[in-house]
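Next come two complexes, and both contain chain A; in the first it sits with chain B, in the second with chain C.
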Partner chain A sequence: MTTFFVNILALGTLFSSVFAITSKNPVISIIFVIATFVQAAGYLIFIGVNFIGISYIVIYVGAIAVLFLFVIMMINIKLTDILETGNQYTKNLPLALAIGSLFTYVIFTIIPFNLNNVPALSLISESLINLNSLILNSNLISKDFISIIVNAYYNLSLSDINITDFTQIETLGYSLYTYGAIFLIILSVILLLAMLATIIISRSNK
Partner chain B sequence: MNLSLFLFLIGILGFILNRKNIILMIIAIEIMLLAVTLLVLISSYSFDDNVGQTFSIYIISIAGAESVIGLSILVAYYRLRGTISLRT
Partner chain C sequence: MIFLSILILIVAKALISNNNLSPVLFPRITAIIFIYAGVLSLNTFYIQSIGSGIGIYSGLFHITSFSQFIEFFIYIIGSLILIAWPILSEKTIGSTVSSTPSIENLTSNKLLLLDFYKSNYFAEYSLIIIFSSLGASLLISSSDLISIYLSIELQSFGLYILATLFRDSESATSAGLKYFLLGGLSSCIILLGCGLIYSYTGLTNLDSIYSLISVSEFNNIIQGLSLGLTLIFIGFLFKIAAAPLHNWSPDVYDDSPTIVTTWLTIMPKISILFLLLEIYTQIGSNVYNTINITSLLSLLIGTIVGLAQTKIKRLLAYSTISHIGFILLALSINTEQSIDSLIFYIIQYTITNLNIFLIILGLSYIIKNSKLHYNNSFPVIQSVKDIKFISEFKGQFFLNPLLSLSLSICLFSMAGMPPLIGFFSKQFVLYSAMQSGYYFIAIVAILVSVVSASYYLKIIRVLHTSVENPELELNTNSKNSVYLPNDVNISNISNSNNLSFKNVNLLTNFHSFLISSLTLSILLFILKPSIILNITQVLSLSLFNF
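Right after this comes the complex of A and B.
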């Protein structure tokens, strides 16, 4: 059941990111970006990274997507200015093909493609193995097989069970405040500089 | 791991194919940062390590600062030129 949801969320992430980069209207594109981030956060929560998944929804949907929407509503965009049609669009297509093929070549040279990495295919093979052992010795329809089905339906995920267990956040805070403290200070300086830069850039100079 | 690699590829293609729409270029950068963070998180979780979650917090904060500066540059550009089209 968890594997099924993880597959659905991964597929939804890919499809909504494709829709986000190909849609004409920027507001629709922002909506699909929000869908991408929510589905990626759901993916993280389902595989067990709870705190980062929830903070993804808080930071991206609550802050960054609202910032994008605010900027789009504030400036007056004519849709004919930012659309590129026909000849203008296909001019970039050879560059995109070259960079995409180079990227996939480099990645799959470093990491060879393995069918065990794809969860849907490994799910099919596992169910085939289960079915095979079921047919071969038929007295296996007993406590084992029933317990497998019951566990698949009722043992939903780790995030449901561990909702009051704060060990992940505890270890995160421990590492963030001990050996990662200097990075945290540098990060706060970077955020302060970002705030100052925004104020200075958008100040109206009269 | 395949999910984050394909998401990064989608981000690169969105950055290249839309050379005129600057909002969509910033969105593509956000998608690429999401892919990198997913790769770091998934591999560190499968190695049962804690450093990946710490670094993902740093990456998320840098992504927030980057998108804020990009959008403020966009607003200043619109105020100077009256349009946000990159190609005249």
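Right after this comes the complex of A and C.
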């Protein structure tokens, strides 16, 4: 059942991100962006990455998207300009198709493609197996989503699953403040630069 | 050191808002900081245990003698660029003002000058430059995917802001925006590559990835890893504007002010190229084709498209692309000799390019100032404008003979004329290419460098042909006594300009000293080549044998 939800959420994320790009009204596209982030957060929570999922909602939806909404309401864009640029998108459609298909081709030549890779297909086959087992009156085989993907390749899933047994914030905190303390410092320098830059760019000269 | 000085400078800038400390001092302080940090990084050679490299910060950064030398080089070049700012201390303003005869001129002159100083570009420029070079020095020594990504972000954020720094001009803003969007795209590609590598190997540390590759037999892992590595390399090639991904660079370089372009063309490329070198020498075989094709394309595109340019900075951007092609050719060969020639090429190219930009800056100050003087009866410093078109150099040989001579020396060196330093670097690259059997691409490179010589020669021809415009000729005649080439030093010329025009010349003595010494080092490399060559040889040996 979780697999099904995860699939639905992933599909929804893709579609709403596409709609966010193509929709003509900026407010609606912002709402689609919010929808994308919420669905992505749900996806992450379903596959077991709770903390990151929740922080997606808190940071992206709570702060950034709302900020976008405010900015869009403030600056009052003319819709006709956007419509004109929207026409230009379709001009390059053949090029985009060619590049996209080439890229997918390269990806598929490198990543070996088999049916086990696609969760939607494996869901069907799995439900078939479940139906078999119903007839045979054996226990329902429940497979975790992650383990399907991981086991298709090789078994390194044990350590991953063990990590999720801890509180995730705890694990993150441990590694961030001991092993990766320098990352924290570099990140703080980047944030400092970002703050300084906004001040420099937006301040009036007088 | 750099980090601490960032904090100190921010505090200084925040506290001293009531003009106790002139903003002019900031670039100078920063230059001193850079020199000091460079000496510190050079000083680490005395630590015995550095021989094969030390991992610091729990192995996320890796300090070797190689990375230390590059850090030293970056800092020194950075300090040279910073010193080249048009700096006037209060004293020279006072002296020139006192030497001007009329009072109205005096007041207007002083007011406008003060306006020029009030604009805080000095302080901001130097502050952001420190941030960016902190990122560069972290990037060189980083040995982890995450630390690579973080430090490339730190470096390029600084560059985006640098491009938008002169926000009053529309072109600079558009250049900065374009740079930001495309740079963000390339960072995304790098991040995608990092993600792919992590998802296939579960490792982020470069050393463990190297050792995994050397023992791994899973075809899957190797394939995914080469995909990720290709994406990372594509992102980095995007950032250094190698050929199929070069389209942003001429626009950005052309639109941003020259003084920023100097930094943009030189500094980020050094650090990224050396990072690529470090990765490539370890696991190069996966991205061999990418680098090879890119080098061929950038050789071709950089020269052929560069032929049609009329703007000087666009032309220099295209010449940068073709030089990147040479550097990538040396990178793709990946023998000890070619790495040696790669390091030498980068050092030589940095020096030459820096010198060309310094001369263009100097010429632009002189030309614009003198034109202003012709037009108006009293000297006025408006916001300093850059030279845009090649045709603006016309006849400069008769006005500023020494500056234009040194510019033509630099251009000859870039074109690869025999006694100059540029010839030797090209020769080393081609020699190592021939030795490893890269005949086709070596022939292409030779042809391309011949073609590229033609557009350098175009600039030189423009420099040395006299002006046909009668109005300007009159002016040159009237000012002939000023510009007579009877002075030995360039600084003397600038001084004489200063006196005759009663105009505040933005060219400092140090600027001209820098130009002359760099030109001499380009010119006289043949007399004592062992200094640089020994350094590069030892470095490439240390990269392979440790």
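Please note the rule applied: the second predicted complex is superposed on the first by the 163 of 206 C-alpha atoms of A that agree within 3 Å, B and C clash if a C-alpha of one lies under 4 Å from a C-alpha of the other, contacts with A are read in each partner's own complex, and residues count from 1 in each chain.
Here, a contact is a pair of C-beta atoms (placed from the backbone, for glycine too) under 8 Å apart; a residue touches a chain by one contact, two chains touch by 3 or more.
As the structure is a computational prediction, the values presented were derived from the model and not from experiment.
Looking at the shared chain after the overlay, A:93 reaches chain B, while chain C stays out of its contact range. Judged by the touch definition given at the top, the superposed model places A:190 against both chain B and chain C.
Ranked by how many residues of chain A each touches, chain B and chain C are led by B. Applying the stated contact rule after C-alpha superposition, one finds that A:201 touches each of chain B and chain C. Applying the stated contact rule after C-alpha superposition, one finds that A:182 touches chain C and leaves chain B untouched.
Contacts of A:38 after superposition: neither chain B nor chain C is touched. Common to the chain B and chain C contact sets on chain A are residues 107, 111, 180, 183, 187, 190, 193-194, 197, 201.
Taken together, the chain A residues at the contact with chain B in this complex read 10, 13-14, 17-18, 20-22, 26, 29-30, 33, 36-37, 40, 43-44, 47-49, 51-52, 55-56, 59-60, 63-64, 67-68, 71-72, 74-75, 77-78, 81-84, 88-89, 92-93, 95-96, 99-100, 103-104, 107, 111, 117-118, 168, 171-172, 175-176, 180, 183, 187, 190-191, 193-195, 197-198, 201-202. Residues 1-3, 5-14, 16-24, 26-28, 30-31, 34, 38, 41-42, 45, 50-51, 53-54, 56-58, 60-65, 67-69, 71-76, 78, 83-85, 87 of chain B are the ones touching chain A in the complex. Within the complex formed with chain A, the chain C residues making contact are 3, 6, 10, 57-58, 60-61, 118-120, 124, 127-128, 131, 134, 138, 146-147, 150-151, 153-154, 157-158, 161, 164-165, 167-168, 202, 218, 220, 223-224, 226-227. Listed in rising order, the residues of chain A touching chain C in the complex are 106-107, 110-112, 153-154, 156, 178-183, 186-187, 189-190, 192-194, 196-197, 200-201, 205.
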